[in-house]
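Read from first to last, the chains carry the letters A, B, C and D; within each, the first residue is number 1.
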Amino acid sequence: MRALLAHRLAAPVAIALIVVALAFVLPSNFYLRVAALVWISALAVIGLNLLMGFAGQVSLGHAGFFGLGAYAVAVLPAQFSLHPLLALLAGALVCGLIAFVVGRPILRLKGHYLAVATLGFGILIAMAIANESWLTGGPDGMPVSRLTLFGWRVRGASTWYWITGALLVLGAWLAVNLVASPTGRALRALHDSEVAARVAGVDVAHYKLIVFVISAVYASVAGSALALVNGFVTPDSANFIHSIELVTMVVLGGMGSVFGSLVGAAILVVLPQVLTTFHDYEHLLLGLMMMVIMIVLRSGIVPSLAALIRRTRP
Amino acid sequence: MPDFLQFCVSGLTVGAVYALVALGFTIIYNASDVVNFAQGEFVMIGGMTTVFITAAGVPLHFAIPAAILAAMVIGLLLHRLAIEPARGASAVTLIIITIGASIFLRGGAQIVFDKQFHSLPAFSGDTPVMIGGAAVLPQSFWVLGGAAVIVALLWFFFNRTLLGKAVLATAANRLAARLVGINTSFVVGFSFVLSAAIGAIAGILVAPITLTSYDIGALLALKGFAAAMLGGMGNPLGAIVGGLAVGLLEALGAGYISSTYKDAIAFIVILAVLFVLPGGFFGRASTERV
Amino acid sequence: MTTLMKRMGLAALVAGAAAMASPASAADTIKIGSSLAITGPASFLGDPEAKTLELYVKKINEAGGVNGKQLELVVYDDGANANKARTFATRLVEDDGIVAMIGGSSTGATMAMIPVFEDAGIPFISLAGAVVIVDPVKPFVFKTPHTDKMACEKIFEDMKAKGIAKVGMISGTGGFGKSMHGQCLGVAGNYGIEIVADETYGPKDSDMTPQLTNIKSAPGLQAVVNPGFGQGPAIVTRNFKQLGFDVPLYQSHGVASKSFIELAGDAAEGVRLPASALLVAEKLPDSDPQKAVVTGYKAAYEEATGQPVSTFGGHAYDGLMMLVEAMQRAGSEDPQAIRDELEKTSGFMGTAGVVNMSPSDHLGLDLTAFRMLEIRDGDWVLAD
Amino acid sequence: MSILKVEEIGIAFGGVKAVDNVSFSVEAGTVFSIIGPNGAGKTTLFNLVSGVYRPRRGRVILQGEDVTGLEPNRLARCGLSRTFQNLQVFFRMTALENVMVGRHLKERRGLLAHLLALPSTARQNRESAEIARQLLERVGLAEYAETPASAMPYGALKRLEIARALAAEPQVLLLDEPAAGCNPVETEEIETLIRRIADEGMTVVLVEHDMKLVMRISDRVHVLEQGQTLTEGRADEVRANPKVIEAYLGTHGTREASLALG
């Protein structure tokens, strides 16, 4: 059992099983939509977790990439009649390029300074999206044309459930592959000791840049997926609060845990839906639960529970 | 020239509030390595509590100390109930706890107070004073003067009192401080109370100018954090310079370049400064000890 | 046939969802949904809207309900976040099984929700401002507030009458301010207005003196317009006074609540703005056909909440009442029938003015619904 | 032939000359030790040679090439590896993974292959793991292979660092106090290990406080005092040098040194 859990593919397989199993349990389109939102957030969170949890580099600006991805599938088809799928790829490419260009100077910074630099970068993107109305529709957002595949219009909550679920499983699979590869070892090494990693021959700046680019692409694809599901985009997807939400999902679920990314995303997406019954007390309870979870399970939900299980059942 | 003066007055007034928030960040960070994102909530609690106590008929000069006291109690509770139990957790975990705390306090404020914007009457009237062609509200003097007094008191406290020196010692080396008999847990708790008080005073001083509501905290935390980093995290002087610099950048940016992108201008300058000085204005460049 | 099947499907859905959600609700209630910005940057819109809906649903139920059935209101707080709003819209349609929808406080949230209700065929009355919501007309989408374009026209009309031609603008960059800014630029030429200065401020900014300093030095400035809502216009108004402008200041219908006057204080004296008659309810002549409606709503709201009335809550009142009348006229709670009757709304007297809907106009208000108000001695008065 | 040459190297921190005008030359396949009292600048010298610090003056020549101021990862390519006095272990990884990181430069690096877990990546992982396992065995840590480094005892971590450094197959290995904090048994194991490494032809540069160890295994010893060279010579020469005994070894050290000689 433990060997099974420790297997490289444990997380993507578990995620795939959950996606398939839930499809038979969820009673309505609303639940399917919420699940699809969880898959999308989890995808972005896995990318951010590669950066934060594995390589140990903070980003408080990832919603910027998420927003760029979202607006890519809104703007490119509208302005250049690009197919939405190509727009998604173009968005990912652009995000990767931007991450590549800004990553080099930004990633020289460490700790809280890196946090504030990525924060500033994310805010610049969010401001550009909110203010350049001629392109983005401004603060009120803009519609996204429906995705058509081989003449078939993709629509309906269950279709999107499966598409986003598949994207998530793919994202999780790529992530665990990366973590278990020489590149992944280099990333985890520079997290624990940059100087030791450098002595071992790891070009730290290069690897930080690689993982920053990868995580930007994850965020971009997730943003594109959300835009296509919603059929509408607003600058909310790019703003600072969303960046903080993504980071919170990473930490809640567990830094350095791919499965934890799904758990963290699920909590922050589903909890507000559950808490609606408490009306005015919604935010109070959300904040309280965040604090309690982090105090009790301080390494994040999945790693902390895993450690607990290991200790009780040797 | 009068325009320039007007921009500077605007920038310094707003910047003084950023500086006080940044100072709160710095005090807590030095004592405990915690970046307290609930710092902005103290500003909100100071302003909103004063508004609601005065609305209940209590005169301003009683309401203000009561509001500061309320913020200090909440600062203490935050430390005792959320930070202390998580002692030893990683920095990121502690940051998420403070973010949770800020959501919690905001959620509480919307129930205890309301969701409306509020104002306080200006302490010395609303008639602007003309200085070199710039119209300056008397309340701006209160904000700037208040900030200056706080800084002076803090200097005195840290350099001339035993408790202040204990806080400094804890900041320099927690283990060593504990070994010489300093109750570091008390010092950390005290730093939360002190930061809460500073935040609350900032919130009260500025409420007559910028208005206040239950959700002003997040933005102030963001700006205050950026200001603290610009100055150099952990350096009180850096916090003040950083805060005033961010305020001035926004005002001058809005006045001379683009009001739409004034926040962007501030952040571009912060990024540029950090690329040249990776530890901010006054941050020490760290050498790796291996 | 299809409607019958739809109805049956919907009934099954409602029953299913109801059985799952709350056992108390049964087929003899009419479910109305709402997603509003009760918290967040637009909470001063969503808060009074939610309170109004809750208040009047209670009143209607106490008076026997609609078509012999009780109303059941399901309200969610979307915080003006479009993605959240979209999720709640799906939840309302899929799980709560509503027959009609009121709300969407902000334009972004409204636009994100529209496809859900268009697909489900459920009438949707938005409480947001921008003209894009009903232009082009979408079969199931209606709205109650005046559009920002109408506000610009009303302001410029007033300026033209006073011989003002050179105007400075300072706009919020939030959805409301940004949209109205664009509309005003679009129609300014029709009134011979020239925009001589154009500045903006962020939704949470706390000092606008730099922008106003620039506007003040614009040559030939005759007036300033401030499209925006929330606390921003109050700060603009205070800064406006601080800098000693000697030209008139026009605000938009986005500040049409008493709290604006409280926040802006003395500086609010002489500010002009277009707004509905609700703000001057008592000052209307008895002959005014709107007087009964607006004084009635104002009294009820202020008594129930202890807070001063705003036009935003009024928009929710108008939406709910129009919906109730449509259901009564239709004699059923079938969404399609409600939609058809909503579109036939004619001569409805609401807080915003007289509403005459048509297949080509899902707003139904004209410029006469706006009154030009001025703030004098800390209160609204009719300017004309 | 000298494989590593340091010429007049120096660095200052805040006006204090931590290392000043130090020169030495290490012959290939020998064990070269640097000793000196606490604060003499031994670790700083290591940091200068291994590229962690950039020297203010002087040159470092590795296998005939000027490598002064090169980044540590560039130096690793040139065949230089090191361990650390203050442990720099990858605590979130297992012992095996720690050593596998040492294989970094020998591994094929194709990002796409890594993301897609192509057979080449699996092969590479197996190959690195196999070599890492052998190295763990060699330093006596085979039993810890799957243990997270955070759960390993201190002495084992010291050897883990050596195994990681060896994984890079360096020509020159810098060991910074490999026996510090180890018990006599562990110290002996480390001594045997260093000997075997040197016997295989690898050049070892050692900073160590354990005089017995230094005197027994060093071919040459370089003595630092307050950042400057005091003397250099064969172990027995240095031990006999009165300057060294006076300045560094002191009364306490003399006894140790004589004990070490037996």
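As a convention for this text, a residue touches a chain if its C-beta (ideal position, glycine included) is under 8 Å from a C-beta of that chain, and two chains touch if they have at least 3 such contacts.
All of these numbers come straight from a predicted model, not from anything done at the bench.
Within the contact network of the assembly, the step distance from chain A to chain D comes to 1. Annotation: A-B is the more contact-rich of the chain pairs A-B and A-C, by number of C-beta pairs in contact.
Compared with chain A, the chain whose C-alpha mean position is the greatest distance off is D. Located most centrally within the structure is A, per distance between chain CA means and the overall CA mean. Once the centre of each chain is set as its mean CA position, chain A and chain B turn out to be 31 Å apart. For the pair chain C and chain D, the distance between mean C-alpha positions equals 73 Å. For the pair chain B and chain C, the distance between mean C-alpha positions equals 36 Å. Within chain A, residues 131, 195, 282-283 each touch two or more of the remaining chains. Shared interface positions of chain B, i.e. residues touching 2 or more other chains, are given as 110, 260, 263, 288, 290.
Within chain C, the positions touching two or more other chains are listed as 39, 173. Every residue of chain C that touches chain A in the complex is listed here, in rising order: 13, 16-17, 20, 39, 76-77, 81-84, 86-87, 90-91, 93-95, 106-108, 111-112, 115, 130, 132, 173-175, 178-179, 182. Considering their complex, residues 174, 177-178, 180-186, 188-189, 191-193, 195-204, 210, 256 of chain A touch chain D.
Against chain B, in their complex, chain A makes its touches with residues 52, 58, 105-106, 108-113, 115-117, 119-121, 123-124, 127-128, 131, 194-195, 240-241, 244, 247-248, 251-252, 255, 280-291, 294-295, 298-300. On the side of chain B, the complex with chain C involves touching residues 3, 6-7, 9-11, 13-14, 110, 115-119, 126, 128, 135, 137, 206, 209-211, 213, 215-216, 219, 251-252, 254-255, 259-260, 262-263.
Interface residues of chain B facing chain A in the complex, by the touch rule stated above, are 35, 82, 85-86, 89-93, 95-97, 99-108, 110-111, 218, 222, 225-226, 229-230, 233, 260-261, 263-264, 267-268, 270-271, 274-275, 278-280, 283, 286, 288, 290.
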